[in-house]
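My structure is below; once you've seen it, I'll send some questions.
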Amino acid sequence: MMILRRAFASRASPPSHGVHVFQCPDSVGIVARLSECIASRGGNIHGVDVFVPENNRVFYSRSEFVFDPSRWPRDVMDKDFLTLSKFFNAEKSVVRVPATDPKYKIAILASKQEHCLVDLLYGWQEGKLPVNIRCVISNHARAPNTHVIRFLERHGIPYHYLPTTSGNKREAEILELVEDTDFLVLARYMQILSGRFLERYRKDIINIHHGLLPSFKGGKPAKQAYEAGVKLIGATSHFITEELDAGPIIEQMVERVSHRENLQSFVRKSENLEKQCLAQAIKSYCELRVLPYESKKTVVF
Amino acid sequence: MMILRRAFASRASPPSHGVHVFQCPDSVGIVARLSECIASRGGNIHGVDVFVPENNRVFYSRSEFVFDPSRWPRDVMDKDFLTLSKFFNAEKSVVRVPATDPKYKIAILASKQEHCLVDLLYGWQEGKLPVNIRCVISNHARAPNTHVIRFLERHGIPYHYLPTTSGNKREAEILELVEDTDFLVLARYMQILSGRFLERYRKDIINIHHGLLPSFKGGKPAKQAYEAGVKLIGATSHFITEELDAGPIIEQMVERVSHRENLQSFVRKSENLEKQCLAQAIKSYCELRVLPYESKKTVVF
Amino acid sequence: MMILRRAFASRASPPSHGVHVFQCPDSVGIVARLSECIASRGGNIHGVDVFVPENNRVFYSRSEFVFDPSRWPRDVMDKDFLTLSKFFNAEKSVVRVPATDPKYKIAILASKQEHCLVDLLYGWQEGKLPVNIRCVISNHARAPNTHVIRFLERHGIPYHYLPTTSGNKREAEILELVEDTDFLVLARYMQILSGRFLERYRKDIINIHHGLLPSFKGGKPAKQAYEAGVKLIGATSHFITEELDAGPIIEQMVERVSHRENLQSFVRKSENLEKQCLAQAIKSYCELRVLPYESKKTVVF
Amino acid sequence: MMILRRAFASRASPPSHGVHVFQCPDSVGIVARLSECIASRGGNIHGVDVFVPENNRVFYSRSEFVFDPSRWPRDVMDKDFLTLSKFFNAEKSVVRVPATDPKYKIAILASKQEHCLVDLLYGWQEGKLPVNIRCVISNHARAPNTHVIRFLERHGIPYHYLPTTSGNKREAEILELVEDTDFLVLARYMQILSGRFLERYRKDIINIHHGLLPSFKGGKPAKQAYEAGVKLIGATSHFITEELDAGPIIEQMVERVSHRENLQSFVRKSENLEKQCLAQAIKSYCELRVLPYESKKTVVF
C-alpha cells in the first residue's frame, strides 16, 4: 500500500506519457488486467476508452497513462504489453510513448493539385503533424524552383517525379521508395493503386476524397455535387481498399453551400475541407485513435 | 421630392410588411423598376436579394418592403406587380402580405412514422408553421384515441385513412382531398406518387428524405448509412419529381455520428434531423424564399 | 483465468449498466484497483475517464461498467465501493445503476417566466429528464387553469405558490418542501437564496443565467447584451453559491446575433439557449458527469 | 424600354463589380433612387441589403451591382453617387470597384505576440487580405533575421521598431508613419492609444481582444477566463474608442473548452480565435460591410 500511494514527487525523472491500444476477443477483466499491469510498474492511468460493438464480441480499448521511464524502461514496457497481448489472444496491441518513440515514417503521394500536400508540409513544419516525411512522390511534373520543390529541398525531403501512363503505374518503384514507411498518405494522388500494390505494401494507406462518401465516388466529385444542387458539400478521409472510394471512413467534414456558389467556389470550399479532413485523420491515426472494425468501419477514439 | 421624403410618422394606419419574388429573363434595370414601383406607392424597400446564374440569363429576386395599406390597397398592389410582370415577361411573380393574406393551405401525407407529422402539428399549434392544414392523410391505420388522432380532432383537422395496396395507391381519392391546397407535404409518406398524380396535382410537393441525398436513395437510408460506416448522417428536404429522391433539394442538415452509435441511435438522430429539415424547408417555402432553377436546383434566398 | 474469460453468454440475467464517480487524493494504481474490484465481481469496464488537475494532486474519475446483477447484488456493490473509498480516503464516491436505482428527486423553483419550467416538464414527460419531480414552487401567481397548472395536476406534481416580499423570502417553507430532494433546479427563479438557505439545504442547486457569465451578471442580461452590441449571446448553467452568478459553471451555449435583432429577438434567442443549457446541465449532473473542483470550476466528464 | 432591356451580351468590355454603402436619414424611395441611378447607367443591381433600426430613423444600405466601365466611367460614378448623397443628406456614401480601385492602405501595430501579425501577413501574401500594407510598427524588439523581419524585407514592407515607455508612447512618430493609411490594425498591440492620438488620426482603428467582450476587459483575458472556469472562450474584434475595450464590436468567435485545458491551451485556443476573428473583421471592413451605428454598435451586412 505504501508503494501504491507513493506520489510522483519523489521520483528522479519527469513523468512520461504513454498510449496503448488493444484489440482482442471480448472477455471479463481486460481493463483490470491492463491497469494492473500499468500500476504494477508505478504508472497511472489517465483515461481508458473501451468499445465493444453490439453484435460482435470484440474488445477495443485505448488507454493513456503517465509513467516514470526510469522505473519502467521502454523495452520492459514492450514485454509487459506483449505478455498481456498473448494472454488475451490480442489481434492488435500497440504502445507508444510519443515524446521519445521514433515518429511514424510516411511518404506522401500527390498529383497536380497541391493544396493538401502544401497543407501537410506546413503542418509538419509547425510541428502539428508528428511524422517523419521520408519522401514525396508525384506523377505530375513540377518546375525545379516552384514553392513545393524549394520547400522540400530546404528541409532535405526527397522528391520523386514518377510520371504514370495507363500501362505503367510505376508501382514497383513506388513500393521500393516507401518500403520503410509506416503508412502512406495520398494527398490527392489521382491514380488508383492496384490490388497487387496493396497486397505488397500491406500497411495502411490514408486517402482524401473531395466528396461526402458514399456520394460522388470516382472523378470530379465537386462537379457531381454542384450539378446535384446539394446544400452541403463535404470531404472524406478513408483507408484505401481495393474497391474504389469504399474503404473504411476515418473522418468527414461538411460545409454549407448556396445557390450563389459556382463550380469554382464549390471546388475551393471542397479543397479547404479536404485539407482539414486529411490532417485530422492523420493526426488521429498517429495518436492511435483509429482502429478499423468490421469490413467497412472504423473506431475513432 | 416632398412626397418621397414624407416619413411614415404622418401615416394613419400602421405599416405592413410585404414580400415579392420575381423570375424573368435577365435585363438591365429590373431592380430599379421594382423599387420605383414600390416607392411610387409610398412603400419602402427593406432588402432585395438578387440572383443571376452565371451561365443562364435568368433574373431571380426576392424583395421585402414596408408599406401603408391605406395608400396601397392589396388589389392595387396585385395589379402593379402584374404590370411589371408583363413588362419583363416574368415566368414567376408572387407577392404576399403575410400578416393579412390567407395562409397557404396544405395537406400532410404520412405513413407509420409519426415524428415529422407530430413535429409539424406542434409547430403549427405554436404558430411557427404559417399554414392552414386542410387535412392529414395516412396509409397507415391509427387507433381512434391515439395522440395524433386526438390532436387532430381537438383542432378540427380532418384525418383520412387511405390504406394503399400495390394495385391501388388511392391517388384519385388523395387528389380529390387535396384539390384546394397550395402545396403538399410528405411527412415520411412511404409511397411513391405516380407521374400521373404529379401531372394532375401540378403544384409543389415537399418531401423529407432521411439521408443526405444523393447518398442513400430509396429505402432504409439510415441502415445504408450505418452499414457504410459514415461519420456524418443527414436529412434532405426536396421537391418531388418523377425520379425517386432526385427532385431539387431545398434544405439539408447533418449531424456527427461515431462508432458508438448503433442502428437505433442512427435512426433517432436521423429522425431528429428530418423534423428540423422539413420544418425549415416549409418555413422557407412559405416565406417565398425557395425558387426552383435549372432542372435540379433551387435558389433559397 | 477461466473465470476471467467466461463470456456474458452464459449468464442468467441480462447485463446491467453502472456508473461510478470517484474523487480522492491522487496516487498510483487507483484505476487498477477500481477495475480489479469490478472484474472480481464479473463486471466489465466500458470506459474510464480520469482527470488530475496540473497543480493539484486530486484524482477524479468516472467509470462505466456492465455487470450481472445476479452475481453482483446492489448492496454488495455499495459495500465494495465503500471499501475502495476508505482505502483511497475518497472525498466522493458515488455509484449508480440508472435502470434500477431510484431516480434523483428534485424540486423546481420558478417565477413568472415559464419557458425553462415548461421545457423541463416536457422533457420529463418524454423521459429525457431522468428525475422525479417532487414539487414545483413559484413566487409568481398563476391562474388555476393555465397550461402549467393543468399539466402539474394531470401528473400529480404538487404546485406551491409562495409569494415573496423583500422582508419574507419564504425560505423556511421552501426548505421544508424540498427537504427530501436530491438537488434543486432554479428555472428562472428571480429570487436570491440566502447564505443561510444554502447552508441548511447543503445539497446542490443548479441555476440558469441568461447571459454568458461572467458577462452580464445580475438583472436583465439580455438587455445588457443588446446594449453592448455583442455579436454572440449565450446562456450559462451553474451551481448556486453565496456570491451572485459566480458559482461553478456547468454548461454554456451561444448563438450568433446580428444588427437586425431587437431586444425581443435577443430575449427569444436567450430563452431558447437557456432551455437547452439548463436541460443539458441537469442531464449531465444526473449521469454523474459533473464534479466541482477548486473553488470556482467543474469537471464535466 | 429598348435601352433597359439591352442585355450585357452586346457590350465591348467585361462587366465590373461595384459596392455602394449609404447612410442617411430614413425616407421613402431611397432604394428606388439608388437603383434608378445605377440602371440609368446600364448597371444591374445584384443585391441590396437595407437596415433601418427600430427606434431610429436612419437608413443604412449596401448594394452590389454589375456595370460596364466603358459606359459608366469611375469618375462619373463618383459624381452620380455624390448627387444622390446630397439629395438624401447622407452622412456616409462610399462606392468601391474592388477590382480596379486602389486597395485600402493600412498599417499594422504589434507588440511581442506575433500570431495575429503573421496570420495577417500570410493572408495578405495569399491575396485573402485585400489591402496594401504601408508598414508594420512594433514596440517590441525583434532580431534582424527573424521570420517576420525577413518576410517584411522580402516584400519591401517597412518595419519600424518604436519602443515605448510609460512616459513616451511614441504617438507622434506613429501618427507620422500612418498618416497616409486608410485605417489601422492593432494586431495585439499592447499599448493604449491616447484620446489625443484618436482625435488626430480620425480614421478607423480595428483591434483584436482575446476575450469575449465585455467579459474580461483589460489584461490577460485568457487567464481571467481560465480562472473563472468558463466552458466557452472567445475573441472579439472591435473599433478602438477612448474607453478601453469598449468600442463597437465587429466580430466575435467562440470555442468550447473543458476542464482538461490548462492556461497554455486556453491561450493557444484564444490565439487561434483571435487570428480568425481579426482577419474576418478586416475582410468585412474592406468589403464595406461594417457600419458603426448608435454609440456602441455596428451594422455588419
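The chains carry the letters A, B, C and D, assigned in the order they are written, with residues numbered from 1 in each.
Just so it is clear, a residue touches a chain if its C-beta (ideal position, glycine included) is under 8 Å from a C-beta of that chain, and two chains touch if they have at least 3 such contacts.
Source: prediction; values computed, not measured.
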Set of chains whose contacts include both subunit D and subunit A: B, C
Touching subunit A and also subunit C, the following chains: none
Centroid comparison with subunit C (C-alpha atoms), farthest chain: D
Chain centre separation in whole Å, for subunit B relative to subunit A (CA means): 43
Chain centre separation (subunit B, subunit D; CA means) in Å: 38
Rounded Å distance between subunit B and subunit C, as computed from the means of their C-alpha atoms: 40
Sequence positions of subunit C contacting 2 or more other chains: 51
Touching pairs - complete list by chain label: A-B, A-C, B-D, C-D
Touch list for subunit A against partner subunit B, complex: 51, 53-54, 212-216, 227-232, 234, 248-254, 258-260, 262, 293-294, 296-300
Contact footprint of subunit B on subunit D as seen in their complex: 1, 3-8, 26-36, 38-40, 42-50, 52, 57
